[in-house]
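Please see the structure below; I have some questions.
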Amino acid sequence: MAIMPNTPNAVAEPMMIAVLGAAGRMGSTVCDAIESAGDLVLGPRLDVGDDVATLADSGAAVAVDFTVPSATEANVHALIDAGLHAVVGTTGWTEESLGRVRTHLADDGRGLGVLIAPNFALSAVLAMRFAAQAARYFESAEVIELHHPNKVDAPSGTAVHTARAIAAVRAQAGLAAGPDATETTLDGARGAVVDGVHVHAVRLRGLVAHEEVLFGNPGEQLTIRTDSFERSSFMPGVLLAVRAVAEHPGLTVGLDGYLDLG
Amino acid sequence: MAIMPNTPNAVAEPMMIAVLGAAGRMGSTVCDAIESAGDLVLGPRLDVGDDVATLADSGAAVAVDFTVPSATEANVHALIDAGLHAVVGTTGWTEESLGRVRTHLADDGRGLGVLIAPNFALSAVLAMRFAAQAARYFESAEVIELHHPNKVDAPSGTAVHTARAIAAVRAQAGLAAGPDATETTLDGARGAVVDGVHVHAVRLRGLVAHEEVLFGNPGEQLTIRTDSFERSSFMPGVLLAVRAVAEHPGLTVGLDGYLDLG
Amino acid sequence: MAIMPNTPNAVAEPMMIAVLGAAGRMGSTVCDAIESAGDLVLGPRLDVGDDVATLADSGAAVAVDFTVPSATEANVHALIDAGLHAVVGTTGWTEESLGRVRTHLADDGRGLGVLIAPNFALSAVLAMRFAAQAARYFESAEVIELHHPNKVDAPSGTAVHTARAIAAVRAQAGLAAGPDATETTLDGARGAVVDGVHVHAVRLRGLVAHEEVLFGNPGEQLTIRTDSFERSSFMPGVLLAVRAVAEHPGLTVGLDGYLDLG
Amino acid sequence: MAIMPNTPNAVAEPMMIAVLGAAGRMGSTVCDAIESAGDLVLGPRLDVGDDVATLADSGAAVAVDFTVPSATEANVHALIDAGLHAVVGTTGWTEESLGRVRTHLADDGRGLGVLIAPNFALSAVLAMRFAAQAARYFESAEVIELHHPNKVDAPSGTAVHTARAIAAVRAQAGLAAGPDATETTLDGARGAVVDGVHVHAVRLRGLVAHEEVLFGNPGEQLTIRTDSFERSSFMPGVLLAVRAVAEHPGLTVGLDGYLDLG
């Protein structure tokens, strides 16, 4: 990866990054990405049983957490105590646990930043955002998601989230349901209906994770498609977050909070 | 349309073509297409009440029938009696009515050709054929059809036909159902299941008629897509049939019977 | 068109709209669209030689101008004098002529709004905006435009505009050119290069106007595609502008100035 | 890979397969694929310096060769002498070297089969075949290939091959060049021109190897797309060839010679 987006042209000194869950699949990929980035240096790699408090004097400014739902909240509180910014990709957060992080950050008062994001693939994060922006301007909107056939849920959580975001914007804009004259149908042909938005799930050997959002007006169509081919697709987003977290004090939920979409 | 596929380089004399249902939407488009083709000349235009027998001495060699299901069988028999080849795009044919045309042609003995085809869009006819050819070589196969929102049936008849053709080839090749680990699902998310093949129907303002067949193997995907943007998409296929019908004595069902796919 | 995006739920009284160039192809389509919209009423239709000043007492609040470059500037000044808001789709505007409209509106002081926009297709306007927003977040970006084969310029003006917008954002973000190891190439294979962004132009019978913007990062791709199938694709954007122009005093250039993309 | 296409329903005894170049990237992937296939058993794995003649008494019926251009011809002749069928994915073959294999097989007289194929991805082989079949039926045809940015040639060899096949069929059918009214153009916008067919090459981080063939007629479009996401995409084709080679005595060039496309 010769060219990294958003790499500052001149970097004074590499920033040290700690990794929690460094032996896991995502964690080890994060370690590789940090080592390949000229403006970052890989610091301590922690795994189950290691003491997060030791990071306080490690020289690391930011920690990345790709651990497990049962560990991540305690990790984040320990990182705040240790004075590190945190970038968290572990799932399992609730409104309550997010609230406790907000309170801790406010009490701490050192201006630390914490990002908790369910998805670091820039294409997916942007596609979701663009779909919501476009939703009020089209009569019709449908979602097609396509995944490998080992996936156990259909439709994907991301597709449901996308459909809900589209539906919320349409409702706010006073739009009726999309036009649909279907009278006779085979069961399932028109997909699942999520808050009034039709969602179709394709399962195909060879695919990884893909989503297409289709918008239609008389005589025109807008399509927003995101393809995730492999785990490395998360890395540009993780690196972007690592570089930006110090400039975003407090808790941010979702990578789009760090994107400049003005 | 400056360049027509399959126009012979040198044409001795233009062939005269009669049109039945000439005042209808399809019929009038056929008339325009014939008038624009350098190697064809538009002959008599017949409508409801006109006598097909008058075509016998009209100079027309071929007749195109885009009328209504209740009239088309009688038209075809009258055309055979009048000694014309026939190209028929009207629907409503059954195995029995097709059989009567076969018998009539055999009894007639003059080597007349009759083509009866549900679809003259070359892209659609070829896509269906390619999908059937590919079906035995992939683990996974699904069909997505996309249409304007005024369509009353879902999925489209063409998509059902495509899925059945894929399923038949897979069965013959001893292939099991495509892999699918889905455990939790919203109703309809995985589409309609036609002979084991999943079919998804999208309805979107602005679209006309579109179909995508997706095939997957480990690490690879094959996609065959056909887009029909307007009624004129049928014309290259109608003209191809008009030019070829005299060389195909007897009854042919489906335009692919005239295509050279060697 | 049963459902119109952005139709207010409750409309006190239909707003009257005048049309300049009402006999032209775009103008007559605009007239049809206004007549189909429940919250608008079609007012005077003007053509070459008609006096714009008569609109002052016509009851029309807004005028739409789809005329010709040689007439549009005079029309707009006459509309301002007559006290109408103006929505203009005619091309040929320069920085100088735009400046004169700005000055006139400021001198007038009645808070009239004028929108001058090169493109009213919502999908195209949004695609351009999304492409610019995404541009800083990907290593690679290329543009493919596809049009009917009667088009005389390649690439399209819209594609050049899109490429320039992407290039400007990338430059501002300090991104180098996209990676490209090509050593041996056939002339033209890599497309035209517009400010460092590769642009490919496809010409295909049957197409109308289509554009695809592709963004790539390690392991992921984002695709934004817009399809314009026919002239009617401009109408939802024209109606949106007609409804919104009174709330946007002064001159606005480009329909995206009226879109809520927060 | 739970389900393999074309696995016979009942297999008497697993067939033993030898692999030449077994330590290479492709060779080792072949070994894995054979070991995962229930109806095949992995036999001797040979590398540089190993003696092919030893395979004669190994029990292996078929050998797969993914070695290097300088070694492959000698390997094939040694395999024929040893009485094995051969499936060869190594490049570098010329008309002369192919002729020597044909002669050797004829002299040998035991009915051995040899397949030499530049591409084992079924989606790519089928796409090429379908493109050639469709070529005579459309006014317009263009090729877009999309690859990772480390590729050194543009357009890809496969895309050039596809364009030539399309051009040959069009010439045979008496079709003129596709319509194109372009008068003003930026250099390269219309792509490379290969035997009259326009070919566009996109280079995008995140992609692997993709090709799209577009056909257009008035009002309709046919698209054939093939995506190769990773090396494993070759394996279904290699396994198909291994299972079929004994039934195809003599030399076959190209995997499509083994496909049933009736």
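A few notes on this one:
Every chain is named by a letter (A, B, C and D) in the order it is written, and numbering of its residues begins at 1.
One rule holds for everything that comes next: a contact is a pair of C-beta atoms (placed from the backbone, for glycine too) under 8 Å apart; a residue touches a chain by one contact, two chains touch by 3 or more.
If you want to know which protein each chain is, UniProt gives these names: A, B, C, D = 4-hydroxy-tetrahydrodipicolinate reductase.
These numbers were taken from a predicted model, which means no experiment stands behind them.
Farthest from subunit B, judged by the mean position of CA atoms in each chain, is A.
In this structure subunit C contacts its sequence twin subunit D using mostly the same residue numbers, the overlap exceeding half. Subunit B and subunit D have CA centres that are 33 Å apart.
Remark: subunit C and subunit D have CA centroids separated by 46 Å (rounded to whole angstrom). Subunit A and subunit D have Cα centroids separated by 39 Å.
In subunit B, the positions touching at least two other chains are 1, 138-139, 178-179, 205-206, 215, 217-221, 227, 229, 233. Note for the complex: subunit D touches subunit A at residues 1, 205-206, 208, 227, 229, 233. Of all residues in subunit A, only 138-140, 142, 144, 146, 149-155, 160, 178-194, 198-207, 214-221 touch subunit B in the complex they form. Of all the residues in subunit C, the ones that touch subunit A in their complex are 1-9, 121-124, 126-127, 130, 133-134, 136-139, 173-176, 178-179, 215, 217-236, 240, 259-261.
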